[in-house]
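Look for chain A in each of the two complexes below; its partner is chain B in the first and chain C in the second.
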Partner chain A sequence: MATSVLLACGLNEQKLPGFVHISEESNVDGSFLISCILGQRLRISNAGTLLVCLQHHYQHYFNAGMRLGYNTNIFRGKTLGVIDVLSDMAVEGLASKWLRNSEGQTLTEQLVEDIRAQVESNYASRNSYTVLIDNLSILFNLGASKLQVQQFCQDLAALAKERDNLTVITKLSNSDIYQLTDNNVAKLGQVRIQVLRLKSGVFREVDGKLLIERVLDEGNYACEETRKEVLYKVNDRNVKVFTPGEIGVKV
Partner chain B sequence: MLSNLLVTKQKVVLVIDELNRERIALKFIGSLLHEQGQGAETIKTLPTGISLKHVATFEALIAECANQNNNNNTPAGETGDLDAGTPGSGSGKPTGFNVILPTLADLLCYQSPAFIFSFLNRLRRSEHVRRVFLWASPQHLQHPHAEYILAGCEYLAELVLRLETDKLLSLISRKPGGGVSNRRFACQVSKTQFQVTPLDEGLPTGVSPKQPTPEAEQTPEPASSTFKIELDEDEMVARNALTLPYERTSEPTEGNIIYTPDADDDFDEEDPDEDLCI
Partner chain C sequence: MTSFRKKAVTKPIRGTRTSPHTAQVITSSGNPYLDVVIGGGLPMSSICLIEEDRFMTHAKVLAKYFLAEGVLSKQEIFLGSLDDIPAEMLRRLPKPLTELETEVEQREDQAHGAGGAENGLRIAWRYNDLPLVNSEHATAKIGHHFNLMEQMDSMMLYYANTTMWDDSHKETLWDIVVAEELSKSSSATTSSLEHQPVEEAPPIPGEETTPQEKIPAQEESSANNNNNNNNNSSSVTSSTKTGSQEAQPQVFHNPRYGGLLNDIQDLLRDESFVAGTKKNLCRVCLTSLGSPLWYDEHFGEDLIKFLTLLMASVRNCNAVCLITMPMHLIAKYDASLVPKIRQLVDYAIELESFAGSERETHPAFKEYSGLLHLHKMSALNTLAVHMPDTTDLAFKLRRKKFVIEKFHLPPELQESSAKPDNCISGLLSNSNATASLDF
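What follows is the complex of A and B.
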């Protein structure tokens, strides 16, 4: 269902890099990548996953998972943990801890605390652990400043460095105004996946382009990097990838 | 090598990186120092991440530099401190530390610009600090006044290295006497080496004593001069061969009298002054 896109991104392996960042350009939606990665992590036995829902609530990921061929409900409470910020706000309203600003803590500080608590309680019993955060730009809508988001990501990167088999995967819609924040988050990790729109316009057989940049080795004066471009099409129940030039307008 | 240009007597070094190499900033500067024989024991860094939020972290760095430098130089600590003002003039012992700061983007993430400037200034004035390195990548600075902050850092720095492209860099150097030079270099970068070649022909390099480039061996010539001062080989031969009018054709020897006797001369060796009638 989603193997090809994960293969193209190099995220199909059991052991993932410590920090992976997905940059989403304006006018494209990279949420399918989160669902694809989530499905892949859940299929690995004894691999823990923490899903931080910011853009969509948990039900969205459940529905997407069903279409891609996995059931998140089976794993929830076992290998899958969920921090559903949006649902909490919807249920509890202004009494929600995310809006109360308790003990002078900011939203991002509370979030880091919750993520740390989840990792502490689950990491030891799992072979590997993945924290998926979708989507950082929602934090701006919830009142966080750019600096707070940057600090939040620094904390997450530090968390990933503290533990061997812990991976943090973030996504940020830069909306053409958060480019600098995007760069600052991307530099924390070894893999950056940019979801880009087609420069030539809209095409019914292709939704957009993935630009995958991976740092292979950090030298003293330069990094050894690979860059790969693939086109993608999100279908109802799968995601297809093409190499550039593979498909075109047939006359 | 780039390290010959950057690891000098100048104290505050700012690297402006247009190439998005921020992730290897610490490694980059550490390698430059290592190339110039500055051991790990002379290098001090600040921790990254949330600890930068606390002023105590910055104070601890300054205190650590002072304490360790005093310990290293005991009992001749005072001498070492005095030498710190002129790095390299000491007796071979480290006379101060090389401080590598976190990147400017990381510093701005946790501290105000005023605090950063103040801290940079304190390091600059500290006699226990030999050099301070700061890395700034404009594409990572998200402060609303990032341009002014960067300009402020440039003002404080004595050496400003700007990595413009993969093959080009510029270096602004402010000397203690007030002289400023702006030089451009072509560079060749690999994972383990950073080679530079001056682009401005004839400019004094004088900074790469270990590996002088062919350009460095040429006679220095001010770039702005309208006179042709230096001579090529043919001109040199012609100049040496030319005898100027005031020069003597032969060197003077000791005084002597040249006398050719006439046929009638009756020269008496016993009385050479006979003809003088005295």
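What follows is the complex of A and C.
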């Protein structure tokens, strides 16, 4: 289903790097990566996962998961925790806690607090724990400043460093617009996946390109890193990857 | 004891069906050609953005189709606009075609196609079998056909569940309908309507007037519809709403966004639109959102926040939303707003009209009124998104209907060694074609 794309990204292992960042270019949809990673984490026994829904509702991930062959509802409340910010804003309206600075706390501070509380209560009983945040750009939309978003990611990276087997995975849309924040957030982690559109236009058999950058050894003066480029196609029930040159125009 | 269980067949919401490709519940956009392009219809809880053409003629037509489909499917309608008068816009909705008229129209189209082929294609005669308009081969079973030349019957609108927002107290559709009915002196109808306005309590002094205007004609049409509670208690709704608005913190710098969002959220919170209940569908239509009338110092910030909250609300219930925006003006205000806005909608469709441009008189484009660009189609509640056969699409506004077709150049009947014009070559080749290919 999604093994090939996770294999290409190096995210198919039980133990993931502490901080992974997904950059999504404008007019490209990289939500399938979150669904793929979520499915992989849920399949590992006794691995906890926290899904922070900022761009899509939980229901979207449930439906996408069913297409990929897993049922999130079975895991919800057990190994899967959900912070559905969107649903809360829809139900509470303008009185939602995410829209007002209660007790002088900003949106990002409240979110960090909620994530921290979830990690505190679940981490001890799990072999590993993964926090998935589906779109940081929504925080900008809701009024957070660049500094606040940067601080938010640094807090999460610090959380990952404090604990073994804790992974934080973030995604940022419109990375070409928020370039500074995108680069700064990517620097916090070891793996950066860029979801890019095809420069040459729209092609029926390929949806876009994944550029995977991985820091192997960060020395005092030199930094060794690998770069890998694959093409991807999201189908109805799976995601296929191709190496550049493998697929071409059929005449 | 057997494990056999009889499958419970749930009745779908009026005007919706399940897509066989994505298993999503979809509803018609009102225009059968647009439905085909987006994979059968708009998925439930999706937002479709129509990027307006310069003279705002074609985007409005699509908005009217969207609203007319809602009226015909007996769905709840919310129409908000600052630039247009919502009541006036509703009054000018296109008239639905009867089944017989639709059949006749389709037959005429086929005959026109066959006739043209008989005269023209003698060598490549096998192409005669292909439909003239490719996008029309899959007729949407959920949609209706409309005639743009004629207006919808006022009695049809009278029974529609409609909520309007224009940020001021203007003449409602109700008033217009009643005035028309009175002029027709249809005593039976007017006598039953006359007592209705009395039920509308006058605005409470000291309170700001609610921008929401409810057509008070719904109680007869659907007594079981809970939304019709607004009918006899519009003043109560307004007073409570005003109270709640006062208590709420200021989320937007421009209070209009707050007012509009409050009205939409109040409507969508109704239990008939709760996701999974399959009772009714709400169509939210916002025209010319982000036009200069919305401008202020924090325009971009407020607009993006509004769209984010609107997305949250629409995703949480049985609703579809169609927004038209003057994107060419927004791009001039701040170019970075364009991708941010497109990211917050599920479908972003740009209508590039030829009106006023050099292409208007160009022989290559004489068949069309403009080009249709699909900027975004996102996968909502599924993994993969439906992609149309081609993304090179053009539209034409005929007398009776709005048609979307595959874009094609006319046949070159005279041989000429002259190079094609820049505008055509620019269309057919990608601007980045000189850059290296990805594969």
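FYI, the second predicted complex is superposed on the first by the 250 of 251 C-alpha atoms of A that agree within 3 Å, B and C clash if a C-alpha of one lies under 4 Å from a C-alpha of the other, contacts with A are read in each partner's own complex, and residues count from 1 in each chain.
In this section, a residue touches a chain if its C-beta (ideal position, glycine included) is under 8 Å from a C-beta of that chain, and two chains touch if they have at least 3 such contacts.
Worth saying up front: this structure is predicted, and the values here are computed from it rather than measured.
Enquirer: On chain A, do chain B and chain C fit together or clash when superposed?
Expert: Aligned on chain A, chain B and chain C fit with no clash.
Enquirer: After superposition on the shared chain, which partner residues are touched by A:E224: those of chain B (first), chain C (second), both, or neither?
Expert: Once the two structures are laid over each other on A, A:E224 reaches chain B alone.
Enquirer: For A:L99, decide between first (touching chain B), second (touching chain C), both and neither.
Expert: So A:L99 only meets chain C here.
Enquirer: Taking the superposition as given, does A:Q150 touch the first partner, chain B, the second, chain C, both, or neither?
Expert: Once the two structures are laid over each other on A, A:Q150 reaches chain B alone.
Enquirer: Per the contact definition in the header, classify A:N184: touching chain B only (first), chain C only (second), both, or neither.
Expert: first
Enquirer: Tell me which partner A:A117 touches in the superposition: chain B (first), chain C (second), both or neither.
Expert: Neither partner.
Enquirer: Of chain B and chain C, which one contacts the greater number of residues in chain A?
Expert: C
Enquirer: For A:L7, decide between first (touching chain B), second (touching chain C), both and neither.
Expert: Touch partners of A:L7: none, neither chain B nor chain C.
Enquirer: Just how close are chain B and chain C at their nearest CA atoms in the overlay, in Å?
Expert: 16
Enquirer: Which stretch or stretches of chain B touch chain A in the complex?
Expert: For this pair, the touching residues of chain B are 2, 20-24, 27-28, 30-31, 48-50, 53, 105-106, 108-110, 139-142, 189-194.
Enquirer: Inside the complex, what are the residues of chain A that reach chain C?
Expert: 26-27, 29, 31-32, 35, 56-57, 59-60, 63-64, 67-68, 86-87, 89-91, 93-95, 99-100, 137-138, 141-143, 173-174, 176-177, 198-204, 206, 209, 231, 234-237, 239, 242, 244-249
Enquirer: Where on chain C does chain A make contact in their complex?
Expert: Per the touch definition, chain C meets chain A at residues 21-22, 244, 247-249, 251, 258, 261-262, 265, 268-269, 275, 301, 304-305, 307-309, 311-313, 315-317, 336, 339-340, 342-344, 375-376, 378-385, 387, 391, 430, 432-433, 435-439.
Enquirer: Touching residues of chain A toward chain B in the complex: what are they?
Expert: The contact residues of chain A facing chain B are 146-147, 150-151, 154-155, 157-158, 180-181, 183-184, 187, 215, 217-224.
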